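Letters A, B, C and D mark the chains in the order given here, with residues in each chain numbered from 1 onward.
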Amino acid sequence: MRDAPAISYEQLLNWLRFIDEGLIEQRGFLTELDAAIGDGDHGTNLARGAGAASSKVDAEQPEYLDELFKLVGMTLVSSVGGASGPLYGTFFLRLATGVGHRQELTPEQLADGLEAGLGGVVERGKPEPGDKTMYDAMAPAVRAFRAGISSGDVASASRSAADAAAEGRNATADMVARKGRASYLGDRSVGHIDPGAASVALMFEALAAALA
Amino acid sequence: MRDAPAISYEQLLNWLRFIDEGLIEQRGFLTELDAAIGDGDHGTNLARGAGAASSKVDAEQPEYLDELFKLVGMTLVSSVGGASGPLYGTFFLRLATGVGHRQELTPEQLADGLEAGLGGVVERGKPEPGDKTMYDAMAPAVRAFRAGISSGDVASASRSAADAAAEGRNATADMVARKGRASYLGDRSVGHIDPGAASVALMFEALAAALA
Amino acid sequence: MKKLINGAEDVLAESLVGLAAAHPELRVDHANRIVYRAEPKPHGTVAILSGGGSGHEPLHAGYVGFGMLDAAVCGEIFTSPTPDQIALATKTVDTGAGVLHLVKNYTGDVMNFDMATELAGGIAVATVIIADDVAVEDSTYTAGRRGTGVTVLLEKIVGAAAEQGRDLAELAALARRVAGSGRSMGMALTSATLPASGKPNFDLGDAEIEVGVGIHGEPGRRRVPLGSAREIAAMLVEPILADYTFGGEPAVVMLNGMGATPLIELYVMFGEVSALLEKAGVRVARSLVGNYITSLDMAGCSVTVLRADDELLGLWDAPVSTPALRWGV
Amino acid sequence: MKKLINGAEDVLAESLVGLAAAHPELRVDHANRIVYRAEPKPHGTVAILSGGGSGHEPLHAGYVGFGMLDAAVCGEIFTSPTPDQIALATKTVDTGAGVLHLVKNYTGDVMNFDMATELAGGIAVATVIIADDVAVEDSTYTAGRRGTGVTVLLEKIVGAAAEQGRDLAELAALARRVAGSGRSMGMALTSATLPASGKPNFDLGDAEIEVGVGIHGEPGRRRVPLGSAREIAAMLVEPILADYTFGGEPAVVMLNGMGATPLIELYVMFGEVSALLEKAGVRVARSLVGNYITSLDMAGCSVTVLRADDELLGLWDAPVSTPALRWGV
């Protein structure tokens, strides 16, 4: 697809807003998933981080997208803690570098950014496919987005990314955790969805809504 | 009543045995009464004491009734603790002195003994009528026994003592506690039977059974 | 009932086995359930003895050691010890200068300690009764107030004074003064469960608390809706301040956990309590936050405020070396 | 949920207010949730820093003071602190000789401490990871073992060594040696309830326990019927002994309460545990019984055994003065 319409600053701001709203809504759900195989704070952690990031963004109103994502990443790193703070924080910091100093993005640039973000998560957490982590939802979603933009518009690409994330999330239920707290449970982790994979699915659902 | 048949050593040993059996049976009930307005150990305390007293009596087989009751009183003092240990202990120690160095008792001698025992409880605990304590069952029972032997046989006297104790026990439900732990509850103690009054009723029921 | 125990009847005996294993500096008489210092006091020094029902750990056995108690006599759970136990302990710790009995004001404790004093004939015994719980109306016609939190502070202060070689009359007078200058008030989120009964002594709804509880798993003075830490702090501090004038004197303040309340909550409560006290002009000079006088697995807390002065603070700060309180040595 | 708190979001902040009020010997940075000694270490001495999620009190803030930590960084409940908190604390405690980070092995803690070290550029930082929980299989392909009870013993021992003026490399080597010589295993009678969630993380039946739990209210390795103290002691001690050879060396043993278990039960457990250890030829040279590394209001306990030697025992016995561990001073 040549000449695809640009993805605007506002759409990406909406993405962040939808993530924030989604977390307020799904906070309890995420925490319950984490209570079952972790320590029961995932929803609380991310809601706290998203709230802090929104306030920061409202206050500083960064002009460029790299500044925006960097601010989000920094705020997540400094307000979330736990495993998800560094992981999501690094995701947004790398997304910032990946999209470059711009006010709007081509679909390719966003795909580059998402891949850079995924790379940051891999570097930080060393997750392998099937370890039952956020990676198992994030990797297929990023792949689906890249594939989607080569065959359709961003709306359909982000839709298929969200679907891939949801599928990846659901697939974590059958996995034995090897990373994160759920790994302490061994086989008993089977049958439960990974909370981080569920929050990734939420994030890509928000992206699909913002780019719809 | 002149020439009333003597109360035998064996009958009084049965009394102790019936108390022991009654406590094993009512231990949970007494503890529940105590849990409601005290600290939930009255049944456990008395069952421990009665068990210890039985073993002592079996082992030492005292020949005389004063020795028997003294052994029981000493054992209760040294094995029960709490409020009921000194109170019941003193009751039996004074009963021992009250009945004198004998192997059988006239009804009057037993009445003297019971009155001495009651006097010991009064000295030890300073209960006043209506304070919602074991005294409120024990005093009417001892009075009824004395009245009973002047107009009938020991069987009917001990029966009416048991009935008086039961009535006294029931009457504690309407009282506001002023002694013992239940006094901490103030008005909230109303509506509950005093556990010590309940164990006194058990003791006189056992006497009625032994002298029937 | 979910407890880390073997038989319900064996809890006290087996906890003393563990205590002996953990604390070689204590000597445990298992047959008589008495805990002594392994290293007795010098001859001619007054010994300090306390005791009561078990289930309030670390009270009293956890306070045996240099600068505090010479012996603790352990009754069954929530049941005061018997006269012969107490008399034996009294005879054992006496070095010739007499023994001070510190007794929490419960009918059973008072009676058993009284009988013990009769049995311990020949030994000079002074008895001080502790009755600091403002939840209970004070009256000569009733059992009177319960002995609760002040016991811990009293054992520390009088224990320190005994190490200085003060005589029995002086120590008894000091103990009476401390007992008279402290007040406590407690509350419960849940009831205690006695091992022998297996059921909570009382049931509380999910949004109810008992205010004015003691340390024996007994119900309190009233049941009220669960409030915030701030509201609960006020329910505990106000009756204490209403009952006694603490003036501008320095105070020793204890925020005590009942056994099942986590330390993070006790610190939240201490923040509220100390703010209320400072606002009322009470200067918090020393503090203790933790489980010091408990009620088995009850969740909840109590507040104790002791009016002090330079002498009492000096005794408070003096070295102490026991399983549960230790500093300066 | 019945807790002595105000808002669920305010628990940590308000507990630090209480901590500051109770302990003038500590300095609390409320904005950044860092607890320091009020009296910093002499210049040129290595500082010891630890931290992690809250809800494990007295860990870590209760171990700040002479002979132990220089600072504790407090994360939200069960959530590791953030890199900027840790970096700020690192910069503040550094006296020029570097800072030793003692980190419990959790993905979040490790990542946040790693990022903090990057941020604290210029300061010499050494990091020692504690991973002592035998309930978890050791593997390089997973998150590995959790850091639990050994943390307490390690902070004490390495804190004492730091006061002696040892350098950063020596202290890191000592810390690694201690971390490698200790093992822990825990169990729960009930789950913890996080204030923010309001519900227990898992439900246990009336006659069930979780064996192999950590300190984050997470479920354990397996659920088994509630047993006696003796049986439970065996479930904890056996995997520890199977995992490491303690030989005839002296051991430091901790019987730790999870937060809601009364001390009398912990002593019963300690009696069982020390008997099992002695039977296996492990000589219990020092012991700790109480709530030292907790999991909010979880009922249960854990056992930690550390193989020691004369050097480690000497460091163990060295003076320490913190809110939760104090002796010799």
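Things to note:
Criterion: contacts are C-beta pairs under 8 Å (C-beta built on N, C-alpha and C of every residue); 3 or more make two chains touch, one makes a residue touch a chain.
Worth saying up front: this structure is predicted, and the values here are computed from it rather than measured.
In a view that ignores chain C, the other chains are joined by touching into A, D | B.
Seen from the C-alpha centroid of chain C, the farthest chain centroid is that of A.
Taking each chain's centre as the mean of its C-alpha atoms, chain A lies 55 Å from chain C. Distance between chain centres (mean CA atoms), chain A to chain B: 75 Å. Taking the mean of the C-alpha atoms as each chain's centre, chain B and chain C sit 32 Å apart.
Averaging Cα coordinates per chain places chain C and chain D 29 Å apart. Within chain D, residues 77 each touch two or more of the remaining chains. Shown here, the protein chains touch in a chain-like sequence that does not close on itself. Across the assembly, chains come into contact as A-D, B-C, C-D.
The residues of chain C lying in touch with chain B in their complex are 53, 75-85, 106-108, 111-112, 114-115, 135-137, 141-143, 146, 194, 196-197, 199, 201-202, 212, 214, 216-219, 221-222.
Within the complex, the chain D residues that touch chain C are 2-6, 11-12, 14-19, 21-22, 54-55, 57-58, 62, 77, 189-190, 206-207, 209, 226, 228-230, 232, 255, 259-272, 274-275, 284, 287-289, 291, 294, 296-297, 299-301, 321, 323, 326-329. The part of chain A that touches chain D in the complex is made up of residues 28, 31-32, 35-41, 44-45, 48, 77-87, 124-125, 128, 178-181, 183-186, 188.
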